[in-house]
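First chain written, first letter: the chains are A, B, C, D, E and F, and each begins at residue 1.
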Amino acid sequence: MSKVVAFGEIMLRFSTERHLRFSQAKAFTASYGGGEFNVCVSLANYGINAEFVTRLPENEIGYCAVQEMRKMNVESKSIVYGGERLGTYYLETGAGTRGSNVVYDRAHSSMATIQKGDIDWKKVLEGATWFHFSGISAAISQSAAEACLEAVQIAHELGLTISCDLNYRSKLWQYGKAPSEVMPELLKYSHVILGDIDTAYFMLGIPKVNPNYQDEKSLPALYSKLYELCPNLKTVATTLRYSVSASHQRIGGVLFDGKTIFNAAVQEVTPVIDRVGSGDAFMGGLIYGLVEYKEDKQKALDFAVAACCLKHTIAGDYNLVTLKEVENMAGGNSAGLVSR
Amino acid sequence: MSKVVAFGEIMLRFSTERHLRFSQAKAFTASYGGGEFNVCVSLANYGINAEFVTRLPENEIGYCAVQEMRKMNVESKSIVYGGERLGTYYLETGAGTRGSNVVYDRAHSSMATIQKGDIDWKKVLEGATWFHFSGISAAISQSAAEACLEAVQIAHELGLTISCDLNYRSKLWQYGKAPSEVMPELLKYSHVILGDIDTAYFMLGIPKVNPNYQDEKSLPALYSKLYELCPNLKTVATTLRYSVSASHQRIGGVLFDGKTIFNAAVQEVTPVIDRVGSGDAFMGGLIYGLVEYKEDKQKALDFAVAACCLKHTIAGDYNLVTLKEVENMAGGNSAGLVSR
Amino acid sequence: MSKVVAFGEIMLRFSTERHLRFSQAKAFTASYGGGEFNVCVSLANYGINAEFVTRLPENEIGYCAVQEMRKMNVESKSIVYGGERLGTYYLETGAGTRGSNVVYDRAHSSMATIQKGDIDWKKVLEGATWFHFSGISAAISQSAAEACLEAVQIAHELGLTISCDLNYRSKLWQYGKAPSEVMPELLKYSHVILGDIDTAYFMLGIPKVNPNYQDEKSLPALYSKLYELCPNLKTVATTLRYSVSASHQRIGGVLFDGKTIFNAAVQEVTPVIDRVGSGDAFMGGLIYGLVEYKEDKQKALDFAVAACCLKHTIAGDYNLVTLKEVENMAGGNSAGLVSR
Amino acid sequence: MSKVVAFGEIMLRFSTERHLRFSQAKAFTASYGGGEFNVCVSLANYGINAEFVTRLPENEIGYCAVQEMRKMNVESKSIVYGGERLGTYYLETGAGTRGSNVVYDRAHSSMATIQKGDIDWKKVLEGATWFHFSGISAAISQSAAEACLEAVQIAHELGLTISCDLNYRSKLWQYGKAPSEVMPELLKYSHVILGDIDTAYFMLGIPKVNPNYQDEKSLPALYSKLYELCPNLKTVATTLRYSVSASHQRIGGVLFDGKTIFNAAVQEVTPVIDRVGSGDAFMGGLIYGLVEYKEDKQKALDFAVAACCLKHTIAGDYNLVTLKEVENMAGGNSAGLVSR
Amino acid sequence: MSKVVAFGEIMLRFSTERHLRFSQAKAFTASYGGGEFNVCVSLANYGINAEFVTRLPENEIGYCAVQEMRKMNVESKSIVYGGERLGTYYLETGAGTRGSNVVYDRAHSSMATIQKGDIDWKKVLEGATWFHFSGISAAISQSAAEACLEAVQIAHELGLTISCDLNYRSKLWQYGKAPSEVMPELLKYSHVILGDIDTAYFMLGIPKVNPNYQDEKSLPALYSKLYELCPNLKTVATTLRYSVSASHQRIGGVLFDGKTIFNAAVQEVTPVIDRVGSGDAFMGGLIYGLVEYKEDKQKALDFAVAACCLKHTIAGDYNLVTLKEVENMAGGNSAGLVSR
Amino acid sequence: MSKVVAFGEIMLRFSTERHLRFSQAKAFTASYGGGEFNVCVSLANYGINAEFVTRLPENEIGYCAVQEMRKMNVESKSIVYGGERLGTYYLETGAGTRGSNVVYDRAHSSMATIQKGDIDWKKVLEGATWFHFSGISAAISQSAAEACLEAVQIAHELGLTISCDLNYRSKLWQYGKAPSEVMPELLKYSHVILGDIDTAYFMLGIPKVNPNYQDEKSLPALYSKLYELCPNLKTVATTLRYSVSASHQRIGGVLFDGKTIFNAAVQEVTPVIDRVGSGDAFMGGLIYGLVEYKEDKQKALDFAVAACCLKHTIAGDYNLVTLKEVENMAGGNSAGLVSR
């Protein structure tokens, strides 16, 4: 039976409601999320054993994060405690022509100050079949990047499938290293990579083939490059996102297995309740699809795209949908009928 | 002067706000509604005397339901008390590709355990001109179906106009009888029937003419069948609903008076604030139109469709609009201008 | 350095949330706004010194209005106190085919009972470069109209640029005078006028050139008339608004500087979070554009239209956006991307 | 069977929650209340037919007030429409050493501009047995005082029992007459008067017997005076209130029937959820007691005091308690046990 | 290491906020709780392995209950699914002289329709050291009582310590049996019983020794009787509760170990945030104390009383406190100092 | 005219409502506060010019803090921008025996990373008459302590009155220095010191005279010591706080002017809405009293105690009361009467 372990940061998110701007808010909705944790929630929702590993401050706010993990059926037993604070971020959800706005307050978090050796990865990964990480751990601090590499290397030694969501964030990478100095080493162990064109080129430090990051035509060239650079790569996928407005997105996806390029039909996503975490929902769907649908890559991709679309209708960071709901949408039922 | 009496169930509805999923809700918005009560509210809003008859538990929650009736100007003086509980249901409002979700908790309600004879219909219907019921009363329990038939028969004896909204719900009809064993007897007294194709065929136990329930082409054949089976039938109508997504509906309507088929222009309805009760809003508009516009069936139909469309913009089960607002929209003003 | 002084009324607004109707509301969201104050907030947000002058009741509710001004960085030092009450209004925000609804409760407000002479305009306008007023002050009472004329005349004497937003409201003008008896005198001192076709003709008391108020073809004729009647007029502008529904507007704009007619591209605005104050947002953007972009009228107009569009995404009366956000949208970036 | 008709003003009340000060509130809780209406709600809760007569503006806010009346089972059929606005008031609920704060915004309300003759009292009072008014109607405007006198005189002619709650408010009485010029004429028809010492002396224009308004010793002298001045007086009562803090009150009561002085035991009331309307709750309880317990004046007084105490635990203007709850407390059960 | 398994019902509770009455609520706060589950949460908070066993409906509302268990670190792996509904109840929190009000809507719940044999107790209790149940399972239905007896008997066979909270509820026991026909059989296997005087006598079917249930003097006689009737009894305890008002309780406790009567000091508890579940908090504290403090019965009792007192300050059914907080209060620190 | 400048940190505070524990909160109320800022708000409310100086991050959250300052009429023109984050803290408000709980998340804030020289104190203090700081600035970081000393020294050179609230927080002082290494240097310039016994001894590094920090008898000895150590000292004051429970405090105060010890009557404070900031309220009241009442030290002390008491009834960090309200309470009116 599959068991996925993800490593990364979980944050407390403060969001305004009803599209209020920060300065209008007398209260913030509190929820917990983070790229790799969100992937775990997706997998748990689909019935896959999922464990999340991170470092948390030993205070009530850290314990609240653990309660959320338990509530979402994500295993939390290997979490380590220490450091000063839980990373937080502020979110103001846009509408129409006004985009959403994120203010990070994650510097000096317990996860950012994690050290290589803090986690006993041999023990943690015992019995696991898949290890997932993202470019964010590499982006928050030197020591987190090192801790991540340690995990990846042990996962590799133990023969786990390794997946990475490149997840480039321009406001991170503040510790003095460029992504291209750090990511290639992490990616060379990866079997599955999710990333868009710009991100990929940027993180790999190779010149862009094409200036338009949404141009599907440049994907084949990118994918070839990735296969060249990452000796273990089996699958690479890309979320296609066309933003009509903050409230209206068009979502598609592409997957390459080294031989064939698969395309998923573009879906209209409107209104957008919350698009934060929709890439993580894609990643979660992709892992599920690769694990469960094995050789049917088209089905895996369609599942990932359907999961990503549904996420846009869910408030909060992670994708609170059932397996049946995603299957239903992946199967073409997207009319939003009432169930009663 | 017209006086409409409706018989059915009123429930306490618990809904999540802002498209939250059930598991995200720390609170539920409480409101009261139910198919036949919703029709009464529409009629009261349009200035028609409306009375609602049901059975309620004798506790504070039952009294709250009565307060809601009074607030909405629906006569409640003939309500009987008894039984264990007020039926409830949980509603999670969808968005975009994610449909709304209803979890019923209405079994064993005071209305489901009503018995034939609990209500003195001769007295209740004194002075009334119209009796309305729906397929829901027949669906919740054997004894409620019997109590409903008793009401229909007395209404028939007293010469009232009788209307029925077929209102098929797949999650009901759990007591061992098929709709086709129960509904024909109830419908044979009805002068006005509201129902879509599938529902009608299913409830009447006749084979489907056409597999596509939204196919307007199959309506004439259905209508002919209904006229054959229901000797008192004067008007049959159908809400046409095309679901683009949970947030975008297209609403039209068809009415047949035995001679002519009337069609209403299809309206774009987006966003959808709350589509629960939109069929009841159509029914309320239809009764109003038939009562007030008498021979102008097109105007009656247009009024019903306009009422139905407006309902989608109103939170809660019933259609909180004024006569003037519906007339305005039925008259073609649907641009949503500010009134100031 | 520019300093804009605006004169008008600030009101406490009670609005229902989540598109609830008045009768569903157990609570009203309280905010403060008013046409001329909203213009001040826009200007303060863009970095222009802005002062708002009004008359307030000397009670806690009046003080709350002053706190709001201070919070928004609008100078409040010349406000005078007296009278019985702060004007209020109730707002129910529509959706789709259901329009928003405003119920004014502003009669007998402290501003409506202001008297000519209550404000020492010579002192107030010292150091100011621009004076702004709107047709609303002229519409609420005879004495407010007189107080407004006094201000305009002193602003004229002091050589300030004077702007007027015609702002016709059919529910006002209840004190026995027609707009055409009052407005021309006020407008003859104005250098900048914002108004749509109907309003302009109505306020000037001249017969309509064309029955369709949104018909851009009739604008040149209107503009010529205005230039004829207003000897100081330098710039006249018009917001073009096509209402698809309460949730979907199309916004454009036209500006005439006596020589050239400038047009701004029409923008899709959907969803509409709150359209109240979007005309004031246009006015604020226009003043900013005329002050900062000087001879580049096209840029001024584009800025005004962008500001107006963005306002539709902001809850509350005034336009809570930064200079950078408006510039960004005026520059063509309206896809609502996430900033993170 | 008894039927009580009350005449007065109903207002929309805006209150802050959780003891917030006005300047902290982003939202106000909206509820409806007013001295005489609150009495009606109490009576309706106890099973007495109660009708409320007032004048309302013909707008959505006025209709909301009517919905509230219907919800509370208070007859609203004789209400007249007209005027500009529903009176409102703002309430900030204190705690401990900080008192509650009321800001009235009721000037120019539809009720304040009512005219003698607006209501057909002969028709309205047909079938009624009791007429209730308060000093507030006399305090808001000259024309309201006249309309009130008209009602009192017709009630007198028709032989109804007439009750008056003196209800002195220092912020009212702004129209140029002193209470002592207006109240005696109204009181001379009254059979039941509720009032404390200061109020009574002030309203009657007689010198104070004793400087301490809470001094029970001065009550006999006051009562004698009242009997002298009011030829129809049968019962006079006084709420005794000792304010420990805004959160802790001690409530007692005194009743004089011309022969005997009855005293009710003082009750500890803490915490205070909302003390507004607690005097009206006493009045409602007193009317009920006088009607139902007839000669048992002690029981009537105890019921009134119990009702008054319970009101302090209810949010909103009126006393949302059942007959059984008041009887229970009047019978000595005040320990606040859970019912389950 | 200790592991406690509890069997009972978990319900969805709908409570009004800020002491609102049911009829004032537009929303209900949703939380999950139930006597035996509440005990599990207490134990998990104190670091004891706790598992809750029940029967839930297979729908989203049932899943929400499981999420709550997981969040609170209560093992849910042995839960069985089936039946129609999750039991619910409505709670209106009183204040001062107005008591709280509970309206149960738990009839026909999945737990009430559980059958003997539905749960594989041998497997469930493997590794457990303690089994806890309460009189509520015996009170809701015949089949639940039988299922409970089955569990108790198997726990007995397996040599677990068995505890029972008598938990008498007058609104339950509707299925035709008296407590005294059912409880003795259940109690004869119990080692620990929590119950007050009235309850105990009533449930055991023996005549009352003393009419005053709070009279500590009658406890010795009761305890003797219990020891006589329950051959396995080791410890019996009683919560002493003196209700000054709904907002002010005085809480003490008594424990008898067959030899000595231990008394805990009475604590002032004011204000009361939520007293529902305070008995369960005592029970949870008692089990913890008996397990951890073993022979120090006084310490066990003091811990139980401290836990009970703290529960009154926590909203919701269960006692959300840490071990350290209870120890701190049991140690005499009850001044509510700020921790910062 | 007096002008007070305060230097310190302003934080964003996240608090749960209705006494919820952190783990129960789905939302946090956001407000802004901090010891020295709170003093400024008090002074501004009493009509004293007050300016707050701090260092803020240049992001939307930092700007929100400035808006709050402006709203409260506290001058913010000398604030400097830089650093990574606004300090935050989490607050869970206790009740009864459960104390409030503060979780600080203020490490690495923009204020903690301020450097000596960041602020041009000569310019900032021009025209000021009073400088206020507290022990918190010295406690958060070495560089903040140095920046504070710089400010104090320049204030001293410019001849300002200097006040310090010792404000000891055990969770701060993490940067490697003991208070007694840092505070004496800061205090030697101070004219006014507020502090309790323990704090004072601890901060001054002198052995305790008496073990009970609330023992008024040890105050004279402490005061003598302080006068010895602080050559500029004119006034020293102490808040006396007896905590009955988290909901009930008894507040008194002592002041020593080098000659006489003044005592204020102890006040009962119950319920406690929010005690955070009550010490700052005392400080604000004390400065006001010393400035306005000059030689009447008793009056100054009584004013400070009254302000402190009232603060306990106000939600949020700072004391939102008017001068009149404090005067009223200082004058003996603490019964919490309704103003209407």
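Assume contacts are C-beta pairs under 8 Å (C-beta built on N, C-alpha and C of every residue); 3 or more make two chains touch, one makes a residue touch a chain.
In this text, all values refer to a predicted model and were calculated from it rather than measured experimentally.
Q: Tell me which has more C-beta contacts between its two chains, A-E or D-F.
A: Between the two chain pairs, D-F has more contacting C-beta pairs.
Q: If I average the CA coordinates per chain, which chain comes out farthest from chain E?
A: The most remote chain is C.
Q: Counting only Cα atoms for the centres, state how far chain C is from chain D in Å.
A: For chain C versus chain D, the centre distance works out to 44 Å.
Q: How many angstrom lie between the CA centroids of chain B and chain F, rounded to a whole number?
A: Comparing mean C-alpha positions, chain F is 63 Å from chain B.
Q: Among the residues of chain D, which ones contact at least 2 other chains?
A: Within chain D, the residues that touch at least two other chains are 18, 23, 26, 67, 101, 271.
Q: Across the complex, what residues on chain C touch chain D?
A: Result: residues 14, 22-23, 25-31, 59-61, 63-64, 67, 84-86, 88, 90, 92, 101, 103, 105, 107-108 of chain C touch chain D.
Q: Show me the residue ranges of chain F that touch chain E in the complex, using the header's touch definition.
A: Touch list, chain F to chain E: 18-21, 23-24, 94-102, 104, 169-171, 243-248, 271, 275-276.
Q: Enumerate the contact residues on chain F facing chain C in the complex.
A: Listed in rising order, the residues are 67-68, 70-73.
Q: Over in the complex, which chain B residues touch chain C? Could you list them?
A: 17-18, 267-273, 309-310, 312-316, 320-321, 325, 329, 334-340
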